[in-house]
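Once you scroll down, you'll see the structures, which are given as structure tokens.
Next, two complexes with chain A in common: one pairs it with chain B, the other with chain C.
Up next is the complex of A and B:
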């Protein structure tokens, strides 16, 4: 993992000292809320419905056991004993006091964490494939590049007041687990025809009120040109983004208004001016220095599929279910990537209590070389588990309710905080997810249905990624009541697509039966082991419309 | 009974508070002042704005309330959730 150097330590410490003074001036009345609000937002502190919320960066989703223990301490000492992992691989605390926020930031700094740029119109936390560095299908580890971008973008003087927020995701694998095409800029590490690794650059993707799949604006970019090219993109956006209208201020609107070709031309023109700048070149020594932080651990020489695991799979269907759903191939023989499901039936997606955090940290030390990851689907990952340890780890995770065998399946639901916490919400999202996870709790049904994602957002801002759920659920408000609009066919993967609206919105009580009807229709229509998404793409929306509305008596206008 | 109350977030901890008749800010909706007569609501709001300018609270607003099963409840669902807290994670201590 990356470790802070003296610059990082000094920068973060100075930032906390400044914010401590700003908080004191706010509390003493020297600053009004209007003056203070942008300052607190720069430090990740929002005011939500019930209290302040602090969003803490987890850079590209990488976390150490030591850091997780400190997150547990913060949850216990400063919050209500829990934290919420988000679709941006961050963690949010929902009950932080303003007067204690500088102390929380200081506690974070002790373990090399911060909340800088987790809000505001700047480059936000860089996100990545949660299996980075471990996936068998990976071309190259994206984490050193994420760290490079983080260092370049933190307090970048030219990009601290962008027209709107700016999100960058990086994947080193052809299978997209990071929703790369739905970011302001998305990067795939790819080999060109000569076998040289560089970046495919995608721009103008995003969700929210105006969702777009990003456009490839460069098929292949040499790695050493990454920062100059990103700088050129940000400059074109900074100059041309719609500052007059916050709804249209994201780069996706600019890219789609100009058209990808014209946007590309502008970027190339700018890039030609700065490409040779020594400041923006990526010296090989520097990227090697950063990459050294992500060097492979000293893996043992082990064989795949140890007898203990195959035997356990044979005799214990519960273990076998978990193995098939939550364990992923590792690039090193004898090791496995293990997903910890934060989606047990009835649990708020992405929530972890302080006690669970402490215990997960202990398990990470015992089973995963002290490291873990956060996925954008709001789960945790142990990246380095010896396969022979899987039965023991499974038992431990079961005791913590973190072994539900549902990764990528019907009850692995993404849900934003919604109207239970968020001041922008139209409707609640978490209770809908809880209902659905209880409703579809039967492991046999989950297994039979297979890969099917459900994503829920409490408003059009789409933090719950509803546009790209195979089934999307969007909370809307009508005459003071909560209703839910369904979309079908979204995908955040390499086969990216936006969901199609199914029809009129339905009540919360009608959501589980509607999903039942959709799932039943899929099971009736699928060919062999066709995924839901593929069946949907083959047969279209009509059979599902008929399944939901044809059978629904309580449909509402 | 229907009426209006003032709801705001307290500056120090962001918690939801209600303006009481004596000008204090209280956590419990039952302790807040209810305006039922014309003109009283705007007086409450004026008091709240003074408190805001003195940095006691943030974004005070008038909300409509009604009586449900003997308890005051904000009419708007959003404010009802603010008044009583999230509908989830009620398992954890406040």
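Up next is the complex of A and C:
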């Protein structure tokens, strides 16, 4: 993992000192809430329905056991004993006091974490594949590049007052686990025809009220040109992004209004001017310095499929289910990547209590070389587990309710905080997720249904990624009542697509039966081991409309 | 209110005539791009120093060939949230090679002074009861930064690898 040096530490400490002064000025009445708002937002502090919410960055999803213990301490000391992992590899605390916020930031700085730019119209936390550096299908580890981008983007003097927020995601693998095509800028590490690794650059993707799949604006970018090319994109956006309407201020609106070809032309023109600028040159020594932090840990020399696992798989169906759903192949023999599901039945997706955090940190030390990851699907990952330890780890995780065998399946639901916490929401999201996770509690059913994602948002801002769920659920408000609009066929993967609206919205109570009907229809229609998404793409929406709305489907849709 | 330059309040020899129809005689003026385009010969004939005020939707590249006529280029922040002038200042200084006064005008708040300075602004029409105090308050906020700009100050990474 990356470690702060004296410069990183000083930068963060100075930022906290500044914010402490600003908070004092707010508390003394020297600053109005209106004047204070942009200052607190740049430090990750929102004012929500009931209290201040602090959003803390987990850069590209990497977290150490020591950091997680500190997050537990903060949850206990400054919040109500829990934290909420979001879809952007952040953790949110929902009950923070304004006067204590500088102390929370100082506690974070002790473990080399911060909340800078987790909000505001600036470059947000850089996100990445949660299996980075460990996945078998990876072309190259994206984490050093993420760290390089992180540093370039933090307190950027030119790009701290963009038209709107700006999200960047990076994947080192062809299978997209980071929703790259739904970011303002998405990067895939790719090999060109000569076998040289560079970046495919995607721009203008996003969700929210105006969802777009991003466009490839450069097939292959040399790695050494990464910062100059990003600077060119940001400059074109800073100058040309709309500032008259916040709903239309994201880069996706600019890219799609200009068309990807014209946007590309503008970026290339700017890039030609700055490409060779010494101001953006990164010496090889710095790349190497950063990359050294992500060197492989001292893995033991082991063989795949140890006896301990094969024996357990034969006798314990619970272990079998978990192994199939939550354990992923690691690129080193004898090791495995293990997902910790934060989606146990009845739990708010992404929530973890302080006690669970402490225990997970201990398990990470014991089973995963002290390191863990956070995924955009709001789960945790142990990246370096010896396969022989899997049965023991499973037992421990089960005791913590973190072994629900549902990764990538029907009850691995993404949900935003919704009307329970958020001042923007129109409807609750968490209770709908809780209902569904209880309703589909049977591991055998989940396993039979297989890969099927459900994403729930409490409003059009789409923080719960409903547009890209295989099944999307959007909370809407009609005459003071909450209803839910279903979409089908969304995907955040490399085969990205936006979901299609199924029909009229339904009540919360009707959501589980509607999902039942969709799942039943899929099971009836699928060919062999076809995924839900593939069946949907083959047969279209009509059979599912009929399944949910009955014979009158065409009339009500 | 007041103009801060080099850390101190300084008198402003210029009169901002950019929104005036009648141009006051006998004083250095700051004028708009539109005034410059229409009254160029008249303005040059005055024999007084000139300044140009650009709105945030007016790129300095539009007057690249005329920059030698201006002692001041004032870049406007209609709202502090409108960050276009940061880019304009960098292009003015770093690309067009302008070495005169680059003045931040409009909604210029103390919290933005550091970023403005790093982008090439060297005078600031600060919105604060005591502009000099505002400057002093934030002057020591940052000693480390990750980006290089035309101000020549070394990045964290330059300092890392110098040793």
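FYI, the second predicted complex is superposed on the first by the 550 of 557 C-alpha atoms of A that agree within 3 Å, B and C clash if a C-alpha of one lies under 4 Å from a C-alpha of the other, contacts with A are read in each partner's own complex, and residues count from 1 in each chain.
By definition in this document, a residue touches a chain if its C-beta (ideal position, glycine included) is under 8 Å from a C-beta of that chain, and two chains touch if they have at least 3 such contacts.
Predicted, not measured: the structure shown is a model, and the values here were computed from it.
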Task: Combined model on chain A where chain B meets chain C, clash or fit - done: fit
Task: Where the C-alpha centre of chain A sits as vertex, the angle toward chain B and chain C in the overlay (nearest 10 degrees) - done: 80
TODO: Return first, second, both or neither, reflecting whether A:162 touches chain B, chain C, both chains, or no partner chain.
DONE: second
Open item on the list: With both complexes superposed on chain A, which partner does A:431 reach: first (chain B), second (chain C), both or neither?
Closed with: first
Open item on the list: Tell me the contact category for A:20 with respect to chain B and chain C: first, second, both or neither.
Closed with: neither
Task: Partner chain(s) touched by A:353 [first = chain B, second = chain C, both, neither] - done: first
TODO: Applying the touch criterion given at the start, work out whether A:242 contacts chain B, chain C, both or neither, answering first, second, both or neither.
DONE: neither
- [ ] Look at A:97 in the shared chain and tell me whether it touches chain B only, chain C only, both, or neither; answer first, second, both or neither.
- [x] first
Task: Shortest CA-CA distance in Å separating chain B from chain C in the superposed model - done: 19
- [ ] Could you pull out which chain A residues touch chain B in their complex?
- [x] 26-27, 29, 32-33, 47-52, 80-82, 94, 96-99, 348, 351, 353, 419-421, 425, 428, 430-431, 434, 477, 480-482
Open item on the list: Considering only the defined contacts, which chain A positions touch chain C in the complex?
Closed with: 5, 7-8, 10-11, 14, 17-18, 21-22, 38-39, 121, 151-152, 154-162, 235, 238-239, 243, 273, 278-280, 282-283, 285-286, 289
Task: In the complex, chain C residues that touch chain A - done: 59, 80-84, 86-87, 90, 94-95, 111-112, 114-116, 118-119, 137-138, 141-150, 156-157, 159-161
Task: chain A-touching residues of chain B, taken from the complex the two chains share - done: 9, 11-16, 52, 54-55, 58-59, 75-78, 81-82, 85-89, 92-94
